[in-house]
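Single-structure report; data block below.
Per-chain residue numbering starts at 1, and chain names A, B and C are given in the order in which the chains are listed.
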Amino acid sequence: MKYFHLVWAALMRHKTRTLFTMLSVLAAFLLFGMLDSVRTAFADAGHSVSGASQLLTMSKLGLGQQLPLSLQSRIETVPGVTAVAYVNWFGGIYQDPKNFFPNEAVSENYFSVQDAVVLPPDQVRKFQSTRDGAVVGAALARKFGWKIGDQIPLQATIWPQKNGSNAWTFTLVGIFTARHASEKGIENAMFFRWKYFDEARQFGNGNVGWYQERIANPDQASRVISAIDAISANSDHETKTETANAFTASFISQFANIGLIVAGIMAAVFFTLILLTGNTMAQAVRERVPELAVLKTIGFSNRSVLGLVLTESVLLVVIGGVIGMLLSMVVVGGVKAALGQTLPMADVGGSIWGLAIVLMVIIGLVVGVLPALHGMRLKIVDALAGR
Amino acid sequence: MNAAVAEVRDTKASSGTSQPLVQIRGLSKTYIRGKQKLEVLHHIDLDIARGDFFALMGPSGSGKTTLLNLIGGLDSPTDGSLAVDGKRIDKMGEGQLARWRAGNVGFVFQFYNLMPALSAQKNVELPLLLTKLSGAKRRKNAAIALQLVGLADRASHKPGELSGGQQQRVAIARAIVSDPTLLVCDEPTGDLDRQSAEEVLTLLQRLNREHGKTIVMVTHDPKAAEYASHTLHLDKGTLVEHQGARGE
Amino acid sequence: MKRFLRGLLLIVILIVCLAIWSILPWYGALVAAIVLALWLALTRGGRRTLSVTGVGLATLPSRWGASSVIVFGIAGVVGVLVALLAMGEGLQATLQGTGNDGTAIVLRGGSQAEASSVLLHDDVVLIAQASGIARDAQGHAIASPELLLAANLPKKDGQDANISVRGVGPEAWAVRPNLHIIAGRKFTPGTLELDVGKGVMRQFAGMAIGSYVQLANQRWKVVGEFDSGDAFNSEIWADRDTIAPIYHRGASSSSVTVKLTSPAAFSQFKAALAANPQLKVDAETTHKYFADQSGGINKVIKVVGTTIAIIMAIGAVFGALNSMYAAVATRSREIATLRAVGFRGTPVVVSVLIETMLLALAGGVLGAFVAWAIFGHYTASTSAGGGFSFTQMIFQFRVTPELVWNGLKWALAIGFVGGLFPAVRAARLPVTTALREL
């Protein structure tokens, strides 16, 4: 620590150059913070707290295939299953297709299965007793200014009413919030009563899109899954059950390999950063050769000189990097506030910071090692003589 | 004012006997530059007494800086033995030499070689970083050394804000701050005007006489050599003459 | 104060130059380059600049470390930018290249996309009777009722992914003359045979002519591979009448695609459908339908790609500034000598700028080349929402000349910003102090 002022003085020796280099580092880590926030958001989507104790049972035939309602009572008998709800994707449009939000017809017991949401008990009762009742997430209610008691018109894209009309209207009876801060995305969803939906739709009656089960013990998930799928084995409506987390993870991975894209971009960024910072350090050491020689003359060991130069390069990267990361926290916060859940971004928290710091130190060491060895190996006599 | 320095000097001086501080026997140095072998020093035998102020003179290329570097432990001889204060430094490795230099030698160069980014005070403190002294003690010792060279009022100035003579005095403060027995000076006045040169030489003389520092100084300037108590001439790597005080 | 105003002026010039540059088409840049070349070759100031530049370039090899920072820094920016935009471009090209104005697609009213549309058998019959539909040699309307399904199959990377399965009749080939069997043959109606799109063939595991694929508990044989050069390459085709009962779809369809007598006949066709009170359907030309499906995805990729490139460019600008300031510093004596013997500031400024921009151009070419080499023929897939019900959409990255030009413009802009300030510093260097330095 007593050498710190030496390192600092070395950095301040050429203020503009240090500043510019730090700004480059800053830009790189600003980008890293933002991209890794997106990557983390995608990676975390398959690891939600509530998703581990929920199963989804879908038709093995593929997305969009229906399952008979009769399965519910049979799934309920599977040991380890505590509740079974069922859902149909409605895909309705509110005013304009750009206003997209998920809306689903759900069974009355849905909220005892879906524990990612918190809905006051009186509103749950209201939901169960209102024929065209619907509940929405707090974020969605805010976005469109909906209040309890409002009539919400949706334009059907899949399910017309019996008379062929696509116009559906629901009464808002409750507003729910997300149980976990990490699952705020669900606050953009809308749920309404499956019974109302099934009675009024033109076709498909008596079938459900998927079953959603709550299980007593997440560790037994695989056993419960096989038991559920065994019920309909070799029938004409075979099922495929997985945990909600596994479903989300696979669904997201089908969009793109976000991890790979982020890794590709950051590889390019850090490669150029290493060149750039490495060049700065090489320059800095080259012009300080006589000074390093003096330090060695005074009695500084080779290792001290090596340490001084390495500390300098690590410090150079860490200062720029930390400012860049702080900036990325601000930017990510701003983007999240402005766009809501449109672009999934995780908070720039502990794990991203940890990775960033490790990267800073590694990059600092990598760019410092050649100049540091140069400084360490220089012969005092030659260096003093200007050779 | 210089109680700390003087006090330490006394304890060190008491350990010394009539044995010379620097004892050189059959010292040779050969450089290999590409395919050429260049013998810079041939078989030098030389004793430098404790408390001596010793000037090394000679034309350029005579090997005087090489001999100085060897005495200061910056370089190792090809052949022969070299002992300082009874310690053989010719066989020491790089790391050992570095530690030895930190405790036993102070260096003064022609171009001062101060750290441009550090204040005079911090420059003087540099060698103390290698000791176990506390920060406060380091600052105190550096201040004493700066006072000794008469630059206490310039402690917070950076080298760029000082004149050549002042810079060289800061360099001398740096050389003596850890209280080494031996001061090694390479053309300390080579880059200075007459008046500054005299100030620096007077200072060295005072350090020699009042504080008992043994000084080995390379110079090509006969006027500078006059301040020394002994002068040695080197030519083509061999000792030419060995004169008493007020040589030339 | 004067210095501050001068700095301000420089920044204003910079912003104006960048603004003009960003909207400049390639021929505009060509004209600018020719004017510069003429100035260099014909005027006295130009020839002086040229000689100063020559001296600067001659010292480049001795500064290769710092120079490579500019080249590689900018190559990184351009490479990432071009690669990301090539992805968006490829996705957009695939969707917008699908369909034409000579065919129309009919969906259930309000359904927006094929995957959410259900047309009953009666609807299909009525649609085929509408006017404006072309007829074949036998006088039958060329209308293809199709059933779009989704299946889950393993991709080559081991991940399971959703894939579109289209149940078609013989008319499907007739309404898409651009779709050709490139290997094997068409499936035989009434059998468990499949034809597979070129993209599916490449991206999904175990796909080969003669191999078997498990769909809905049945073993289907792959008998042919087709290529349409568009979104259909991401589909598997089977006989509609064979696959519909397996998926419990009875006689219903998702859509009807019809061949129009001419593109002009579309309005007539659409009016005929609207006039039929028994039908509640929407009709669109296939071209417009698929273009709409691309939604904002390319726009999103463009915004994201540009944002990333801007941040990277900022980093690269500072790298270039560092390198060029260092270059000017090491050449300060030489520049001062030139000034001392009577060279004016302009040739010095221009020569430093030219040098930086040449390095930047080299970086841009390198970056664009690497992006092209890696992604020029790269095939990727994404889950397309909306009309594709989250099934895989397979597309090729497209490194178009426009994208490359765009990347080079970025490179030159970065070079300009990174070179301007050091250039001005060089020209301002007080001659006497510079000569005394070193």
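The rule we apply is simple: a contact is a pair of C-beta atoms (placed from the backbone, for glycine too) under 8 Å apart; a residue touches a chain by one contact, two chains touch by 3 or more.
Just so we're clear, the structure is a prediction, and the values are computed from it rather than from any experiment.
Q: Shared touching chains for chain B and chain C?
A: Shared contacts of chain B and chain C: A.
Q: Could you work out which chain's C-alpha centre is the most distant one from the centre of chain A?
A: It is B whose centre lies farthest from that of chain A.
Q: Could you tell me which chain's Cα centre is nearest to the average position of every protein Cα atom shown?
A: The most central chain, going by mean C-alpha position, is A.
Q: Provide the C-alpha centroid distance between chain B and chain C, rounded to the nearest whole angstrom.
A: Those two chain centres are 70 Å apart.
Q: Using Cα averages as centroids, what's the distance between chain A and chain C in whole Å?
A: Chain A and chain C have C-alpha centres separated by 26 Å.
Q: Once you find the CA centre of chain A and the CA centre of chain B, what distance in Å lies between them?
A: Here the centre of chain B sits 65 Å away from the centre of chain A.
Q: Enumerate the residues of chain A that touch no fewer than two other chains.
A: Touching at least two other chains: none.
Q: Show which residues of chain A lie in contact with chain B when the two form their complex.
A: It is residues 2-3, 5-6, 9-10, 12-13, 290-291, 293-302, 380-381, 384-385 of chain A that touch chain B.
Q: Under the definition above, what is the set of chain A residues touching chain C in their complex?
A: It comes out as residues 16-17, 20-21, 23-28, 30-31, 34-35, 60-66, 91, 93, 97, 155-158, 160, 164, 166, 203, 236-238, 240, 250-251, 253-256, 264-265, 268-269, 271-273, 275-276, 279-280, 282-283.
Q: Show me the residue ranges of chain C that touch chain A in the complex, using the header's touch definition.
A: My answer: residues 65-66, 68-69, 72-73, 75-77, 79-80, 83-84, 108-113, 115-118, 149-152, 159-162, 165, 216-217, 246-248, 280, 308, 311-312, 314-316, 318-319, 321-323, 325-326, 380, 382-383, 389-392.
Q: For the complex, which residues does chain B have touching chain A?
A: The touching residues are 65, 69, 72, 74-75, 94-95, 98-103, 107, 109, 113, 115-118, 122, 126-127, 129-130, 135, 174.
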